[in-house]
Amino acid sequence: MSHIIILAVLDGIAYGSLVFLVAVGLTLVFGVMRILNVAHGSFYALGAYAAASLGLGLTALGLSPWLSYPLFVVAAAAVGVVVGGALERLLLQRIYRHEEALQLLVTFAVFMILDNAQRLIWGVQPYFYSEPLRLLGNVSVAGITYTAYQVVFLPLVAIAVLVALRLFLRHTLAGAVIVAVTEDREAATAIGVDARRVFLITFIIGTTLASLGGALAAPTTSILPGMGADMIVLSFAVAATAGLGQIEGTAVAALAIGLGRSFAVFFAPELEVLMPYLIMVLVLLVRPEGLFGKATARKI
Amino acid sequence: MNALISVRDIAIRFGGVVAADGVSLDVFAGDHLAIIGPNGAGKTTFLNICTGYLKPQRGTVQFKGRDILGSSPRAITRLGIARAFQIPQLFLEQTVRENMLIAAASAARRFAPFARLADIPERGDVESLLALVDCADVADRKAGELPEGKRKLVDIALALALKPEVLLMDEPTSGVASSEKFAIMDTLVAALKERAVTAVFVEHDMEMVSRYANRVAVWSAGTISRQGPPAEILNDPEVVRTVIGG
Amino acid sequence: MATHSSLRRTALAVAALAAIAYPLVTGSSGSFLTIVWAKALPVLGIILLLQAGQVSFGHAMFFAVGAYTIGFIGRAMAGGDLALLLPAAALASLLAGLVIGVFVVRYRYIFFGMLNLAFSMVLFSMLDKFIHITGGSDGLRIARPAVLGAAMERSDYETVLYYVSLAILALALYGGARFLDSPLGHALKAIKSNETRVEYLGISARLVLLVAYVASAVLAGVGGALVGAVQGIATPDYAYWVRSGEFVFVAILGGTGHVAGALAGAFVYEFIRSAAAAYVGDTWQMTLGIVLLAVILFAPRGIVGMAAELWGRITSASARHGAASPEAAPDAASARDARPLRIVGGGR
Amino acid sequence: MKQGGKWAALAAGLGLSLMLSAPVLAQQKPSEIKIGIATFTSGAASVFGVPGKQAAELLADRINKKGGLQGVPVKLYFIDEGAGAETLTNEYRRLVENEKVDVTMAAISSGSCVNLAPLAEDLKMLNLLWDCGTQRIFEEGKHRYNYRSQANATPEMMAALLYLLKKKPDFKTIAVVNQDYAWGRDSWELFSAALKKLKPDVQVVAELFPKLGAPDFSAEISRLLAARPDVILSTSWGGDLDTFVRQANQRGLFRMSTFVLPLAESSLQRLAGELPDGVIVGARGDHYFLHPEYKDDADFKSFVEEFKQRTGSYPIYPAFHMAQAFAALEAAYDKAAAANGGAFPDREKVVDAMSGLQFRGYGRPITIRPDNQGLEAQLIGVTRTTSEYPFPIIDDIMIFDAETIMAPPGKNSLEWIQELDASFLETPAKEYKHGK
């Protein structure tokens, strides 16, 4: 029994780590820009496709597969800067004063377009690039084989991203500015913060994190058109459970949802898919602002 | 004489800032009570507490002998305490008349799902209220299109449309052109008297206080430091120094 | 002005006559239009909620409730009767709307949207997972029901559905317009611009929103039942978030300022969608996305808004000041910026 | 004939004039035969849909090059199953009512077939169920306009089970990892029912149904590693199967258990280097670009080569299924024309020709049974790495005749399975070794 629990915990951590990377980008963007980016999942998919394409390029050129690790970061950043940056500059900037419904729908439209674009660019056949996973080999826990990539590397990356985000937001000027805008946009603009720049930078960071999630998922999965649609609801669920805008909270919620899912696979497989949404509904009903969110009152 | 609203020993702090500490105040029927005090002293907080928007950490609030602390603004409004705001709180995307009709419909509890709002029996009262606050000419404009001064007046008219026993106002004429404010206040106060509405207003403008209040309470450093008739309070040197400024 | 309203009335009558005459003249059962009528219902529900500024990204759940209700009853009763199935679907979605509504009307904006999304995903997962009851992702077959005791061939049945859907939609649009013009409807709009004041007028914003929510759930449920009846199948996709998003999309496309936006949006959306599927094949999704972007950026008041503007320009050069401010007043826009993140509606 | 007399007379007159004009229309050859095809061009199942579409285009070109069907060229109209049920039905109607197609081929997904078959029946439109597997459609209702040009789930599962029992008769435990939708559930229901009947002592140690399109099977694999089953069955396909195989291979699951993957023929070319030798793979019919009985056949070779040249891959089973649908259509037109005295047949005559039709795509010949179900042989084997191809090929092939492994017409598959006995294990099959 305890043996099985260890397995479920390991699987939950591996899964939660990946979900965290995507969800934290979503929550960061929401915290600063107050826009729930429905196209966030598309960046996850684009990141995966970009990473796999670059990886397959490496193989074709006969270069060392170890290069794929730095290339993942390059792929993610490229997607974030190019696609994310263009999206913010060309589209989102026009709609910051629109109603929320319209903002949501703009990102929904982007989701439809990017989803279709993936199919046009990469076709419909699944893509794979599992070389990086192989490089790290396996580890054995309680007699069960795991890939080091999933149970060691991914959690380490998730922790690194969490720590880096914390350091960035708490201890750098750019981070402080982002935090200021998150907490009080009016006041921040009043003291001369260039909100346009902050939004652009935040959106690029957020979408880069989503595509990093996709890039890191690439070696573990089949890359298919439409892979972003499920990821987006899942990361919504994580971000909402944590409380939108909560960076550390997102890590806890991602872990909780990851564990919930893996325990479901072992003990009640029928509940596996339901798990994240059940957790989200229950948390939101008890704490509407999420586990770590803060309620705010309107000034009158 | 029994107090209509009776506040006892309330205390509230926001983080480190003490807004009220042991405040007690009575509002009597027929009062036109002005609350004055330095900026940021907590006068608006007092209105927020009386209407259930904020809950103090300590103290009691009673309306006609009934405990209303912990009741929602909606429940308190239903009991007969209406409120006008410092920043006008209007439905910006609806016309002024619609704003007023909603209030009137609420007061008369007219919520049949398919009846026209514009046809409610109270529509006549709405028109006369709009005329009273000199807003009949803008009745068909969206509230969001009005200048600040007009919005203030509509905000007060909305509260009046509820036919309250007590009306709490937060700087009723700030933002209203100074050429108009006395004329409007004259009509307003007359209307309040005619309808037997007890009024409490937070005010900075001492001229307004001396003209329209029958009682003044001074809020400073989280307590009511003085209260009494306007002539006495406004001439108190301590009040002049701390509140009115000199 | 009298000539305008009589002109409008004439236009309305012509449109209604055309809709009524369509199957008679063309001899086609008009299932494309039946889908349009049926899908305009959930969109109307979304438009109701949008009056209060609330966007549900989960209303497909009620759509699915309606469709699965007639599927289940039909399965249990060898097809059942349309005259029983539709009220049953309305009742089921009303109950579902009430139960879920009691929870979700406490929340606002993104949280309202997300909680609806969460509930709909729970339903979606259940429809998908409990395959022995629901038929899983292949869906639940909806046998052709009798109509008032009479068994029907497909073409007659489709004609009946066409008129039933048209009648329900006409009733819903009329009722919706009346509702929005009632005190309750105006209170609903008031929630959007200033919920605090709504409460300070002694009105329970939650209760008002609940009424609208339940109404929108019933509309979505009946729409789902009609679509299910036309398609002969209900699938978990009926509850998927993309479909919920589609309803919101159609509402914005049609225009949220008027109930007619539901009809205009549904018609244009289905038209574009079929045309895109027929002529651009592989890029139908992208086409829809681009149309949506264009509408939001260049005509945020939707088709109905554009039509109204055009109408205004044609009919009254003199009455210009009324139509001259189509965009939200700058005050309203800055008010949105200043608005703090609101989670919970109601008392505070 | 009372009040309706006038109307009836009018209708009769109209009907008469239509009837008079009808023979004139029927004798004229149309300028083209329009074929509506439902396939997945979006979504995960487009891994089947797109090769199917590519095959259809290739086949249409070939047919038109030799003059068409009965001298009439064909024209193709594709509709996307991935667009959702309503759009699909609307599109189907548009093909029938507006484009006036002569025949449809629908569809890949069993869900689409369940949805479209009754519609085709109502619209009196000849429809070939070209790829969907559910056995239910023809077991649960009588059809005039729907025909299936291939097998159904029952023989596909029975072939896999027989092969397993023949090759590895002594296993004790089994686990299943199927996609959570009708196909995954139904195929396991058939497989497990027959397994219980034929080898009742086998213990099922895990029944996992991850959702369709699941991106990650790590927890499922951990559970399988802990449960240590002798045999693991998965009827998954596409990206799901590929992901599962990769993750399982990486974590050594293949070293522990024998895998049975009845749909893996469609993934072999993608799973180069990931699928070890000795995995039992099937092809939903006798479809394989190295079909032991036909691989040297000139026609077969030219199809395989042209497909490879056009698309960059060898044809997989949906491509072959499409070829069978086209072969059925060609045969039906020929048969109907012959029955029509050589004249071009009208639609109803083509439908008449469908029952009992015999035709051959690029596998063994197929016959349409009286219940409109096709009889299609089943090919199954094990993976083997060779130097000839950069991906595993299928070796130790067995080909089962269709009649021996499926329920007879009018019989429910599950009831038929309940009547199986040990003699079923003796079901004959032709065996082939690679390179021999």
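Just so it is clear, A, B, C and D label the chains in written order, and each chain counts residues from 1 on its own.
In this section, a residue touches a chain if its C-beta (ideal position, glycine included) is under 8 Å from a C-beta of that chain, and two chains touch if they have at least 3 such contacts.
Molecules present, by chain and UniProt name: A, C = Branched-chain amino acid transport system permease protein; B = Branched-chain amino acid transport system ATP-binding protein; D = Branched-chain amino acid transport system substrate-binding protein.
Every value quoted in this text rests on a predicted model; they were computed, and no experiment measured them.
S.K.: Return the chain pair with more inter-chain C-beta contacts, choosing between B-C and C-D.
M.R.: B-C
S.K.: Farthest chain from subunit D, going by the mean of C-alpha atoms per chain?
M.R.: B
S.K.: Averaging over Cα atoms per chain, report the distance between subunit A and subunit D in Å.
M.R.: Averaging C-alpha atoms per chain gives centres 38 Å apart.
S.K.: Let me have the rounded angstrom distance from the C-alpha centre of subunit A over to the C-alpha centre of subunit B, please.
M.R.: 49
S.K.: Which positions in subunit C touch two or more other chains at once?
M.R.: Within subunit C, the residues that touch at least two other chains are 128-129, 196, 282, 284-285, 328, 348.
S.K.: For subunit A, which residues are shared contacts with two or more other chains?
M.R.: Those would be 116, 119, 273, 300.
S.K.: In subunit D, which residues are in touch with two or more of the other chains?
M.R.: In subunit D, 41-42, 180, 211 touch at least two other chains.
S.K.: Which residues, counting only subunit A, touch subunit D once they are in their complex?
M.R.: Checking each residue of subunit A against subunit D gives 3-4, 7-8, 10-12, 14-15, 18, 116, 119, 123-126, 128, 130, 133-134, 138, 144-147, 150, 217, 220-227, 230-231, 261-262, 265-266, 269, 272-273.
S.K.: Give every residue of subunit B touching subunit C within the complex, in rising order.
M.R.: Touch residues, subunit B against subunit C: 51-53, 72-74, 77-78, 82-83, 85, 89-94, 98-99, 101-103, 105-107, 110-118, 120, 142, 144-145, 158-159, 162.
S.K.: Give every residue of subunit C touching subunit D within the complex, in rising order.
M.R.: Residue list for subunit C touching subunit D: 28, 31-32, 35, 128-129, 131, 135-139, 141, 153-155, 227, 231-233, 235, 237, 270, 273-274, 277-278, 281-282, 284-285.
S.K.: Which residues, counting only subunit A, touch subunit C once they are in their complex?
M.R.: The touching residues are 30, 34, 36, 38, 91, 94-95, 97-102, 104-106, 108-113, 115-117, 119-120, 185-186, 229, 233, 236-237, 240, 244, 270, 273-274, 277-278, 280-281, 284-285, 288-289, 293, 295-300.
S.K.: Under the definition above, what is the set of subunit D residues touching subunit C in their complex?
M.R.: For this pair, the touching residues of subunit D are 41-42, 78-80, 83-87, 89-91, 93-94, 97, 109-111, 114-115, 118-119, 122-123, 134, 180-183, 185, 211-212.
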